[in-house]
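Please find the structures below.
Below, chain A partners chain B and then partners chain C, in two separate complexes.
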Partner chain A sequence: MAESSAELRVRSERVGLVAVVYAGDYLNKLSGERIERECRRSLAEGCRGLVVDFRQTGMVNSIGVSILLGVIDAAGRAAAPLVFAGANTQAAQVFEMLGLTRHVRLADGVESALKMLASDSDHAASYAADRLG
Partner chain B sequence: MSTEAPLQHATHRRILGRVTPDLFVGRGAEVEEIERLAPHHSGPRGLLLLAAPGAGATELLRQTYDRLFRHHGTASPIYFQWSRDDRTASAAARRFLHTFLSQLVAHRRDDPSYVNAPPPLRDLIDLADPSDYEWIERLVDAFESARDRADERALIHLCMSAPQLAASRGARSLVLFDDVQAAERLAGEVNLGIEIAQTAVNSGVPYVLAGLRRGLIDTLNGGNSPQRFDSFGTLNLDNLSDADARTLVERLAYERRVALNDETRDLVIQQFEGSPFYISTFMQSARRGGVGLTSFLECQKLYVDELLGGRVNRRFNTVLEEVAPVLTTRRALIRVLHDSAINAGGKSPAEAWRRRLELEPEQLYPLMNALHTHELASFNATFMEMSTNTVWRDYLKASYRLQVAAQPRALVVADTLVETLKRAPQAMARHYRRATALGLRELLARFDAQRVPASLLHYDRFSRIYRGAEPDEVAAGIDAEVDLVRLPQVVHAASCEAFHPSMRQVCDEERCAVAHGFDAAPYTDANEIVWLAAEIEGKMEIGRALTEVWCDRLTQVAGACGFKRTRLWLVSPEGFTPEASELLNEREAFGSSRQQLELLTARLSPELAAAESARSQPLDEFEMVIPMGGDTELIAANTVEQIARRLNFPSEAINQIKMALVEACINASEHSLSPDRKIYQRFRVESDKLTVTVSSRGVRLPAAAPANGRNGDETSPDDTKGRRGWGLKLIRTLMDEVEFESVDDGTRLRMTKYLSG
Partner chain C sequence: MNSTDTAKLLHAFSALADLGEQVADTRDFGQMVRSTLHVVLGSLGVRRGAVAEHDAATSTLQFVASWGLGDQPPAPIPLGKEDVEALVAGGGRGGGGTDAPPARALASAEHFGARVTRALAALGAEIVTPLVVHGEFVGLILLGGKATDEPFSPEEREVVRTMARHIGVGIYNHRLLRELDKSATENRKLYDDLRDIYRSTVRAFAAAIDSKDKYTQGHSERVGRYSEIIAREMGWDEGRVEAVAVGGYLHDVGKLVVERDIINAPYKIDAKQSSELNRHPAAGYDILIPIQHPDADIPLMAKYHHERLDGRGYPDGLTRDEIPLSARLVNVADSFDAMTTERTYKRRKGLPEVVDDFRRNTGKQFEPAPVRALFRAILRELDGEAGERHFIRLLGKEYFDRADSRELIAGLLHDLETDDLATAGAA
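And then the complex of A and B:
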């Protein structure tokens, strides 16, 4: 399947020391790896918290989900809390079935995720609080 | 088509069954009926199992035996097959006693090894359960005493009454007697058939008496003084239905690793008329010969091999040897049978047979009776009528040419192969036509003096009122009609061909029917009427000329058969032109379209209409092939979503099905090393479930362990190896049933989701 150059990167933004990474419409091997790379890059750049936003994700597969373990792994090593936000029922079920929810928390949306992180870490909270006003 | 796998792999041991339970198809109801005899209850005390030749009665009994053997605390199953190899009635009875005690001990000790390798009679005493020891020892002593006295009558009676004696000592059994008609010709002073019947009826022990349907009752009655089987039920065992035969062929192909496709599968079924014996034999030969069955040519080559030298040949040889043991008589018989077969109608006078076979009447009668019993011909007192069974006729023709006309074998093989190849497409076409026939005979049989709206029998009227109307409007209009026709009470309905064989030249048997009945009470000459109904093929309204041909044709049949008062009824899918309708009215004949017929069926027989409706619906099966890679699994997921919506699955279930399908596709892509890089999918919609089959060519994946082998419960973020491995786990969680199969060249995953799940 041909991809435009715009599709080659996962969109992300910084909210203070928290990186919000936006997953695409299909979480498979390729898009999973892009998310993983983006998360690692953000951590390397000094982010102290990660939110992966699945609001746009209609379908996930097990390979894509398995790659999220790499994200969990990387976040754990960096002592950066991680939240998956906006996952639809199906994706949330899969995360649950495959045991990811033992290592990562789910939030309804990015805002909720940021609130979770804010209450978790003083450091991240101060930045998140700036953002939330 | 790829070969279908058995739905369930049985795990229990086989004792007498010759095939695994997976390959024993279409006999569930019969097995249950026999099993119901095992516990004490108030139902029938036994069953007469009347089987068509090759319908699989022996395997039915053997499979039932294996099932019963697993149950403890109920009757011990005893299977015994009568055989002419015993030669004398006393030898057969002695073998029965030995079999009975061996199988009884085996069941009560839960040790099936004694079934297939019975210990000597005296050893069984020591092996018996302590509670059985005493009576078995006494029985064996009594047996040896009767044997030593050479008292045949006492010996046979003692042996045959063993189940009764055992029951009186608390060892209840269920006796399955197979091939009972074989007892008829055993030598000796005792008529074993009568002895079996008397024991079975009077002993209080449940019996299944199985045999060929044309010979069993005669054997049990000994040709006279009919035994009353009032306490017995009857089980009729015919060949398999088309659907069951399809399942059998597919499972055999899978099990035997025989390549097959839909076309050849159906040809095998049609050629062998759904006989489980012939189908199993044929598929076994394909496996032994390493023959694929992916073309009509391959099928017919194997068929001809079977016919001229295989097990099919040996089966008919055996029957003919039994019917006519003397070689010269047998050869003469083949000539007479062959000549009768090529006669118009396949009939010939019994007297002509006697002269040509040079037999005395007392020799001729058993011969004709044996042919009748094996359904190779029908013996009707004064004439013989040849069976129309295709395999038998093919065998007969080839045997005649080889054994009587002494033609070169190569010529016979070549001609037979060419003929069967030419015939194959015609046989299939006939099968398709038969499958789409409207079922006039069944409908006529259900008339039962009911009143129906007249418009259903007058196409012109129906067309004028309802043409173009919505179904609801038509139904309401018909319900409101006051002009009703009283249909006759039909007392007998049969195909027209059965009355007038030449009709087979102009139409299929299923498309023309004759029904005798009365159009009013009482049953008098004046009220007697015969309906002659025919289904005429046509894509448009039938014109006057063709309508006239059919009216004349049916009138001729009525005249030839001596029918006095008749009613003609023509049915055509699209009805009749105004001119044709005018002719029908002139002849006081009825004319209906398919739509009218369906409405009539719904009124007369709602269950028949429902079955027809289910049959006529297009099969809800879809197939799709996608290339591997490039996220094509999403295309499959979108497709299955549309299909699942047709079944009104809730959205959560639809998502689960989509997810499972995506997993199945990526599993196939990642692990099969597929040479064609394609994923084959089949979606089958049934009323309560959706079954998705995903297959791919290439490396077979182990069925037991998930191909990408991890268990999701063990997820650890520290474990960076084997992060894959959740595909099959997910599929199993998301779907209700999952089967993972290795097939000839690749892997197949079948997943089912139930609506109620």
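And then the complex of A and C:
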């Protein structure tokens, strides 16, 4: 079956031992599940840190929040730090209001998220520093 | 209410709209429940939860969806009868009517037995809301702790209660659909059984009719089969095909009231005897009309299977469209069998004579479309294109042994396709 456009807008890349997952324009069930799959797959493949980039995301609905809570759990179980990058004001408010920010850090963009992870002392995600120079 | 509370409420309202959309999606029950669980969890920032359906047959709670509770759904939880009764009664006391049981903290879930409470606690449940619809316990939703690690506020419990009502109705409606589907399946089976009984009865009747005439044994059975083949070849739907087959089986039922000596006369019968014999279509109609058939035309097929397009048939001398098409079809099948079987007073016609008879009489006696369908079906069988070999089985392989069998039939079909023959026949 062909992937839907919502799924296609979700993509990921590896930066050292960090996986950067790019969320689509609307975080709903379909795209949320794709993000979760990407995060779980990256963790299973040995990633030691996760960045979810919301720069393109205009809206996060309740289903999206629930799925992100699942990503937080998965990252927590893998002891992998998680950073949400580029969230707009509305999304950031939702994350704050519902307590997601107690478990993840917010960064302005991917570069600063990677810097955050790189600066985590004693964490393997610092391999990302290779890319940051 | 501060701005954070207002924002939370707005988020919850938005979630409620999402919930309505998800509950209305009846295509995939599991997907619907998973989506609604996500909506509830995401509306309040709850990290884990599950929705279970009450399976009354096994008296268990079966988890339909779960999130944050591991990769596998939780194991079913057995329920005692008293658990269910208490849950339903508790739901009714909740102030929200029987459709709206109150959300209640598990710690004070006085309506659960100790065993159920332990099982739910093991799943990390902080809020457990029974789903009760029209007094029926359909399941429950359990929620774990919030991402904020704060306790659930009364407003948030109200949100859960409202959402649980929607989810309960969604599950209840799905159950109704499942039960309807099950009933429909049972009814379909019952209907199929009745149809089998009807078919068996019809064939038994056909055998009874044929047993009265020792020289035409199997005639009704064959006319039924030919009628079915012709109708299918003409592209009729299965209901009409079956009806015309029944009409074929029963077309001579009126012979049951004709004297056996006339039917079995080993000579050409006289006018008086012929008149007696010709009573059988109308007599057949009288026999069949009180019976409630799946198709109202069946008695008419018996009555009019000796009518001719040119009006020279009997009993009423009807012409063309005055004769029901199904009766015109049975007429073709009946005549084909009469020509291709040995009678006491008439030898069996060979294929060339049969083809010639139909060439001469199509448009006068016979409706062209069933004639074309009959010979198309025979030709396809001779060409090995038909699934079953009906004609070879019924008429014998030797009947089609002539080298020119195919050409004879193809020639007739060609002639019948031209308007000239039909027009000439109609004149």
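Just a few scattered comments:
By our rule, the second predicted complex is superposed on the first by the 118 of 133 C-alpha atoms of A that agree within 3 Å, B and C clash if a C-alpha of one lies under 4 Å from a C-alpha of the other, contacts with A are read in each partner's own complex, and residues count from 1 in each chain.
Methods note: contacts are C-beta pairs under 8 Å (C-beta built on N, C-alpha and C of every residue); 3 or more make two chains touch, one makes a residue touch a chain.
Small disclaimer: the values here were computed from a predicted structure and weren't measured.
Annotation: superposed three-chain arrangement on chain A; chain B versus chain C shows a clash.
Residue contacts after overlaying the shared chain place A:Gly49 against neither chain B nor chain C. Judged by the touch definition given at the top, the superposed model places A:Leu69 against both chain B and chain C. By the document's definition of touching, neither partner reaches A:Gly24: not chain B, not chain C.
Contact with chain B, but none with chain C, is seen for A:Thr89 once the two complexes are overlaid on the shared chain. In the superposition on chain A, A:Gly16 contacts neither chain B nor chain C. In the superposed model, A:Pro81 makes contact with neither chain B nor chain C.
The superposed model built on chain A shows that, among 42-50, 96-104, 186-194 or 708-716, the segment of chain B colliding with chain C is 708-716.
Touched by chain B in one complex and by chain C in the other are residues 61-63, 65-67, 69-70, 72-73, 94, 97-100, 102-103 of chain A.
Residues of chain A touching chain C in their complex: 29, 32, 61-67, 69-70, 72-73, 93-94, 97-100, 102-103.
Looking at the complex, you find that chain A touches chain B at residues 1, 26, 28, 59-63, 65-67, 69-70, 72-73, 76, 89-90, 94, 97-100, 102-103.
The part of chain B that touches chain A in the complex is made up of residues 630-631, 633-634, 637, 652, 655-656, 658-659, 662-663, 666, 670, 712-715, 717-720, 723-727, 729-730, 733.
Across the complex, chain C meets chain A through its residues 4, 7-8, 11, 14-15, 18, 35, 37-48, 67-68, 146-150.
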